[in-house]
Amino acid sequence: MTTTVAIAGATGYAGAEILRLLLGHPAYLAGELKIGALCGHSNAGQKVGELMPHLPQLADRTIVATTVENLSGHDVVFLALPHGHSARLGQALGEDTVVIDCAADFRLKDKSAWEEYYGGEYAGSWPYGVPEIPGHREQLKGTKRVAVAGCFPTAITLGALPAVAGGFIAPDLSVIAVTGVSGAGKKASVSLLGAETMGNLRAYNPGGNHRHTPEIVQNLSAFSSSNTPLKVTFTPILAPLSRGILATVTADLTPGTTPEAVRAAYLDYYRDEPFCLVLPEGQQPETHNVVGTNMVHIQAHVDTRAGKLIVTAAVDNLCKGTAGGAVQCMNLSLGLEETAGLPLAAVAP
Amino acid sequence: MTTTVAIAGATGYAGAEILRLLLGHPAYLAGELKIGALCGHSNAGQKVGELMPHLPQLADRTIVATTVENLSGHDVVFLALPHGHSARLGQALGEDTVVIDCAADFRLKDKSAWEEYYGGEYAGSWPYGVPEIPGHREQLKGTKRVAVAGCFPTAITLGALPAVAGGFIAPDLSVIAVTGVSGAGKKASVSLLGAETMGNLRAYNPGGNHRHTPEIVQNLSAFSSSNTPLKVTFTPILAPLSRGILATVTADLTPGTTPEAVRAAYLDYYRDEPFCLVLPEGQQPETHNVVGTNMVHIQAHVDTRAGKLIVTAAVDNLCKGTAGGAVQCMNLSLGLEETAGLPLAAVAP
Amino acid sequence: MTTTVAIAGATGYAGAEILRLLLGHPAYLAGELKIGALCGHSNAGQKVGELMPHLPQLADRTIVATTVENLSGHDVVFLALPHGHSARLGQALGEDTVVIDCAADFRLKDKSAWEEYYGGEYAGSWPYGVPEIPGHREQLKGTKRVAVAGCFPTAITLGALPAVAGGFIAPDLSVIAVTGVSGAGKKASVSLLGAETMGNLRAYNPGGNHRHTPEIVQNLSAFSSSNTPLKVTFTPILAPLSRGILATVTADLTPGTTPEAVRAAYLDYYRDEPFCLVLPEGQQPETHNVVGTNMVHIQAHVDTRAGKLIVTAAVDNLCKGTAGGAVQCMNLSLGLEETAGLPLAAVAP
Amino acid sequence: MTTTVAIAGATGYAGAEILRLLLGHPAYLAGELKIGALCGHSNAGQKVGELMPHLPQLADRTIVATTVENLSGHDVVFLALPHGHSARLGQALGEDTVVIDCAADFRLKDKSAWEEYYGGEYAGSWPYGVPEIPGHREQLKGTKRVAVAGCFPTAITLGALPAVAGGFIAPDLSVIAVTGVSGAGKKASVSLLGAETMGNLRAYNPGGNHRHTPEIVQNLSAFSSSNTPLKVTFTPILAPLSRGILATVTADLTPGTTPEAVRAAYLDYYRDEPFCLVLPEGQQPETHNVVGTNMVHIQAHVDTRAGKLIVTAAVDNLCKGTAGGAVQCMNLSLGLEETAGLPLAAVAP
């Protein structure tokens, strides 16, 4: 039996990365998964070979319009669209179709957080696509709807989770995450020109104004045993590279916490997770070591002088941070091997 | 039956890229190919996890010294060493061992060219590792010895070959190739520091002084039907990216040559080559479209005003330009599918 | 007496670079040159501090609309606009006003070349703004109209001129020039996004299709003593840096030409030119050594095997290639010291 | 009367940047300041033109050995050496010589902090070279000894100072600073190769292990009115650019602090400081807006949800962060205009 897959937003960075992963997926190579409709907005009618020459296997395929009609009739539909477009498509597609939304539309369980950060009508929430968060894998197995996590929340949540769940830190996190420019998507913009981003560093949406903030709070709050609500201040910084996020999480250590206890907890937490690598002591995550992969590289460091925990985590924003996470969820939804088609070894240097 | 593979120079960029490809090779995934000794020079005794965290599958493996003893007993040995080290190892390893040399030691058929460009004792030549050059694939099938092509010669030869073989250009080529910094290898050097290479462009070894020059001449001369010897002036330029070569070849058009004839010849020449893509008209090769792949993207452009042909070709210097070419040759040597384990789709952007 | 200066296109990269240079100009520092109207297109009404925080001295100034009225009444007007806009303004501004056009509108003496490469109505030609070309300095002194040279033609002309004028090469030049992304200007475009240009190399307008081609031909033809018309095939390559052009010119050596004669001629040609530096033997131009300066760094290399001359030349496309050349011409026009306000020492690394 | 200046470590990045600034200094241009001995370690005997072609004015000068003899007899000596070398030279040079040390040797007032972070013998402390810290300017005027600040402490101190001094935050700062690679200096190292730093982000010396930590604590503690000692946890991140630091400081807001009060305090604090620019509301510092300048661009943002202040500050690590600060102190020491020779306008983009 063959599984057919369609993609809405196939010519954007997330859509193209999903295609790259599917083309190397064992089910695709075995002929059991077929790539169907490739939908694009402004590019309908053009060939993949013109638009995305980095995917030569699909060069002769033609982009079609993003319509319910074109997306219907597939077993799996990936939505790789700007937020706000998925709700309608998600409702229009049949309940038997696996719909995997890479945008934010169904990530937040809290209607008021949605309204505060995104505005517009709240569409509800779907199972959240980070299988490594305890309890999530079970919800994702066989699900027909997935809200893929944001790129920053993926890195930050997986980096901070063992410390929050282990009670090693106060529920008050300061997060600075440095990101490559592909996270801003493939749309014309002066501030994202090469000349404006090379040789340059700039913060944006500082101090909790970034829309990924409530998603991080939602993920981590669920594991906090503190009596006070978990707080997160989050500031992203744009840096001159294409792919990669290096997130840092700083928080007060709970009194009595030792470096050894933290390290043991981190190692233990991800012992069975194929995509979460706690690095050897003294070794720091580097984004080029995860480029093209579904990995999160993590290190936790105790600053005994200042009484702080500093966690660093690296992901490829387009892969584990978006498309890789999406394919991992597809695998769980379809009952395939969870790791199928998801690279572990990076294209480095 | 299992094939065992060893690598000398496993911790350099070429060695690590061979490992990345082997880890995704279907024979490895099926358990029919095993990764044996990983030899390093200064790193013997260290764990792969410390040295190359981008290859998490091998994190617990230990680097061993580069000795004949450690390399012996494997079916395939990749030599990813600086030139001048392969001759002795190549002779010491048994005739039944497949030895694939990524250095220059066995590339040149002309002893005097070797002595002029490299100096030291000439060690002879082995079958040359570019299967796409007519006649080479046959020599590589079942061979026990392979001289992998240089990164620049791979791009330049495959770019210029249809024009030279078709007699469309005079045998006098001006070649400028822009390269990323990983081609210079993983050795400490002030001139290759990030601060000396970012935001900077510089030519080096200009005008035929680069050691890849005689290799390009050798490859293309064999297909020139001109009465005068084929000449190449070659100048590389270092640019601020890690992976990628964009080569340009300029030559006088043979009188009467039309753009249509050139295009038809290029399309025809590589019609059956899975790794050589002649782009749609008007579309130029870009290095990020081949990063991580075994592809060469090619375009040929006729300048009718100046009476010139300008060919552009893009490769990933570490993949098709070195490690990918090496694995492609291993496949031919072992009788495996030539394309096995060699990515077509790039990690772009 | 005070000179007043206005800029049309003040918020683009060329306009902003003119401002940077003027702010350091001795006449400005002495209060003898005043910066008047700063005209912008879409930014009229905004503060310089919001748009160009890198020019803090002007933070409180307001951008005004690009009108003849706003530009009138200044002694000097720099036009830093896309080509096609200068003709009208140039005609509307009084004959006593020094008008310095950074676009292509008045560069070409040949109407048919204009029509072939640019189209639209031909507006004639003005004195051409490269004082280092013999004969030009005299034309520029006291002139009221200047056509500033293109960035590529500046590097290529100054690099090739001693060889062409000295008769050392055949009048048939193959030019490949690698450029940073700021040359494309400050306009939103998907193909110029950071994610499309970092880690990437691509040729564009190959083989003589770039509009700077006829300008190069015009400059060099005037110095060729050959009986056959001088030909140029020119291909630019976009590389991941913001500022800088590294141009390479390859041509057949005239029989009997020695490396010593070439070197002596280059040293002699620019002996008295403060902005043209022929580097010590064996040393190659690097773009970061000219960033922020009005310098051209040049090297000439004879490939004796292939019988070719390879010249390399580096400029900062925004400075010597545009704004620096423009200010140099202003100095000549106003009778100031030619080198006033033009940096020699680069911001490197 | 002429002031003569010598530089120890003239061929490193800091030394070369001091030279770039001196070459544009009005005293140098007026012939009142002369550049004397240029001392280098491994490069003695070589020409500046070979080593630093970006400083063409000095091309014919020869580097001499770093000896007390060569440095003696100058009015000003800049020491741009790795830490640990300045103490001896500082003592050997006469008391009438102005000695400006760009290393850490004399920065710390606390002997135990020196021993903990640097080890070796403690040499005492000199007036600390950040004139913008209240009280420092007075100490620097006419001084014969200056300890130039570290690059990170410059950005972080000036960013955080108004908030600490104003009592707007708790004395417990979490600092993440992203830096370009030139900060690591011009010494061969595998981890700083272009191939290891382009397309990559990595933290290093996390959580207070970086040697700049006690310097930050020293600077800010002096202005804290809190009863508890000020704590700083500091983690630097290496990013793919040459010049620039973007520092972020996060701390708990003092109860009752309003965004308006913070903004007013920042504007007021630096109202008369020519090199400290508090950006318009909503505008974030970007490192390319300070490249080549002596400026610090600063923004303060209140996260009302999390109750945090987030300050961002951008400097050019080689200029304001080292050489610019050094020249500013030289000006104060010699009784020159403090701002002389120090660029305000950046080489952007």
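The letters A, B, C and D name the chains in turn, as written, and every chain counts its residues from 1.
Quick note on the criterion: a residue touches a chain if its C-beta (ideal position, glycine included) is under 8 Å from a C-beta of that chain, and two chains touch if they have at least 3 such contacts.
Here the structure is a predicted model, which means the values were calculated and not measured.
The chain pair C-D and the chain pair A-C differ in C-beta contact count, and the higher one is C-D.
Averaged C-alpha coordinates give centres for chain C and chain D that are 35 Å from one another.
Averaged Cα coordinates give chain A a centre that lies 45 Å from the centre of chain C. Among the residues of chain A, those touching two or more other chains are numbered 13, 182, 195-196, 198-199, 240-243, 286, 288, 291, 349.
Chain-to-chain contact here is organised exhaustively, every possible pair of chains being in touch. By the touch criterion stated above, chain A contacts chain D in their complex at residues 172, 174, 176, 178, 195-196, 198-204, 206-209, 213, 231-233, 235, 237, 239-244, 246, 248, 250, 284-288, 291, 299, 301-303, 305-308, 310, 312, 314, 349. If you check the complex, the residues on chain D that touch chain C are 13, 16, 19-20, 23-24, 47, 49-50, 53-57, 59, 182, 198-199, 242-243, 277, 279-280, 283, 286, 288-293, 295, 297, 343-349. On the chain D side of its complex with chain B, the touching residues are 13, 180-182, 184, 186-190, 192-199, 240-242.
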